[in-house]
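Before I ask anything, here is the structure I am working with.
Residue numbering begins at 1 within each chain, and the chains themselves are lettered A, B, C and D in the order written.
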Amino acid sequence: MQEKSEETLFHHELPAQLRWSDVDQFGHVNNNVYFSLYDMCKTRYFIDVAGEDIFQRITIVVANINANFIAPIYYPDEIVIQTTMERIGRKSFTLLQRAINARTREVKCECRTIMVCYDREQGCTILMPDDVRQKIAEFEGREFG
Amino acid sequence: MQEKSEETLFHHELPAQLRWSDVDQFGHVNNNVYFSLYDMCKTRYFIDVAGEDIFQRITIVVANINANFIAPIYYPDEIVIQTTMERIGRKSFTLLQRAINARTREVKCECRTIMVCYDREQGCTILMPDDVRQKIAEFEGREFG
Amino acid sequence: MQEKSEETLFHHELPAQLRWSDVDQFGHVNNNVYFSLYDMCKTRYFIDVAGEDIFQRITIVVANINANFIAPIYYPDEIVIQTTMERIGRKSFTLLQRAINARTREVKCECRTIMVCYDREQGCTILMPDDVRQKIAEFEGREFG
Amino acid sequence: MQEKSEETLFHHELPAQLRWSDVDQFGHVNNNVYFSLYDMCKTRYFIDVAGEDIFQRITIVVANINANFIAPIYYPDEIVIQTTMERIGRKSFTLLQRAINARTREVKCECRTIMVCYDREQGCTILMPDDVRQKIAEFEGREFG
């Protein structure tokens, strides 16, 4: 798995508001809450980058989630979720996300999500539309092979 | 508010499965989790009593929730949710629900929910359909004035 | 139940960040999510008003929740939670909270929570400490009988 | 990644109760809910296999989660979570879990979780205690190299 350690590679950041109900018996934010936060920021990423109507146009389905839990998040840490497109392949693409401490910038968790575009009416996966790919390339400032 | 203390008044019971993520820093099940459990059992109540297609036929909207928290629920207590129709009025009806310990039958929480039937297409509240009212009366073994 | 309709009575407001996972099949924010948001803002209220160490000093337990659901919240509505102390009695006190649309100021939900101070070691309810009561009175700009 | 396709390899199964609040706008169970269900069953696995006091004895920390989402779960599908120990290494071990349809046995999601034993007082990872390893080997009916 290739590393992407440089902070500046993430052009999309969103503060994540923690809730009291996110915390477990040890004062840690529950692991499964991270995925709610990542989801929230995936949704924002696509809306911010590809437009408000993106989810009317295409359905995006998660195929695989792979998360490294590096350090615990305590309540009420201030957390920022970073999101970037790491890869756009022929049939799928990979978002890389991190949960970091807003002040110290310590990386708490790193997560890769493999997703596919899906056509609900036809019931099959489809290619990412060219204009969406183009907008993502512009936002990220690089081409996706 | 009238009391309904006799156990036998509840004809609908469902065990509620607690999750590790339901627990807060004090080892208590979070208050807001109770409402997820009550919701789950409201849905089951209407399906069990009024038929599988009830939510295709009518939309039921919550107008008021009033819950007394009597004793904490600890993980992994075995909890049962009891549900009964307490009142069917002209414009609204009231479900009474309790969270009780499955073994000791101790009442942990008691909750009344005032609901209305709603017509999504017309965008207005409607009367509860007569056959639904009838099925509820049969299930509960009493008439609703 | 007395009404408290004037906007200016709320001196504590916190934007609530909605998550994709908060939304149900109808595109509504789930009723039970409101209680997570209210909880989050109760915690902030006491920390902001009575000091960072308030929850090391006392335990606050919820005795009753009474919520009026006035209008649905849709994703991604911008929501603000307002919190004020409505009453401090001898044995309990009541927080009044509202979920409002951040832009239109429309009230979506209004919730009263009756709470008691609790001594975990002695296992009994206690009076609210005088200095906490005083800080709340100062924050709210009025005396509590 | 080695495959473990034979049904009989899973000796630990637990029905997972779905809640109305688990469902998203498309009628799917939210991806992040799966992780709550897996967590619930991890906890049960260790209690069932290694004893009621296991979490008083050791702390188990998640290092990595890797989940394949194979088919959506709809409400109110009946879901069973299967759990097995796949690997016990020197410093970490891997649980394999699946969410399957209770009736059709269709695999909805497959998830590997890499965990480590942790000593809270010393603040460092520790080896899995021999007796725990032994109990797991007995339960799974095989040795872990």
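Note that in this section contacts are C-beta pairs under 8 Å (C-beta built on N, C-alpha and C of every residue); 3 or more make two chains touch, one makes a residue touch a chain.
Predicted model only: the values in this text are computed from it and were never measured.
Asks: Any chains in contact with both chain B and chain C?
Replies: Touching chain B and chain C alike, sorted by label: A, D.
Asks: Please identify which chain has its centre, taken as the mean of its CA atoms, farthest from the centre of chain C.
Replies: D
Asks: Please tell me whether C-D or A-D has the greater number of C-beta pairs in contact.
Replies: Result: the pair with more contacts is A-D.
Asks: Measure off the straight-line distance from the CA centroid of chain A to the CA centroid of chain C, and report it in whole Å.
Replies: Chain centres of chain A and chain C, defined by C-alpha means, are spaced 31 Å apart.
Asks: Averaging only over C-alpha atoms, locate the centres of chain C and chain D and give their separation in whole Å.
Replies: 37
Asks: Distance from the CA centroid of chain A to that of chain D, rounded to the nearest Å?
Replies: Distance between chain centres, rounded to whole Å: 24 Å.
Asks: Going by the contact rule already set, what residues in chain B reach two or more other chains?
Replies: Chain B, residues with two or more chain partners: 20-21, 26, 30, 32-33, 36, 39.
Asks: Could you tell me which shape the graph of touching chains takes: line, ring, star, complete or other?
Replies: Graph shape here is complete: every pair of chains touches.
Asks: List the residues on chain B that touch chain C in their complex, please.
Replies: Residue list for chain B touching chain C: 26, 30-33, 35-36, 39, 59, 61-69.
Asks: Which residues, counting only chain C, touch chain D once they are in their complex?
Replies: Listed in rising order, the residues of chain C that touch chain D are 20-21, 23-27, 30, 32-33, 75.
Asks: For the complex, give me every residue of chain B touching chain D.
Replies: Those residues of chain B that touch chain D are 15-21, 36-37, 39-40, 43.
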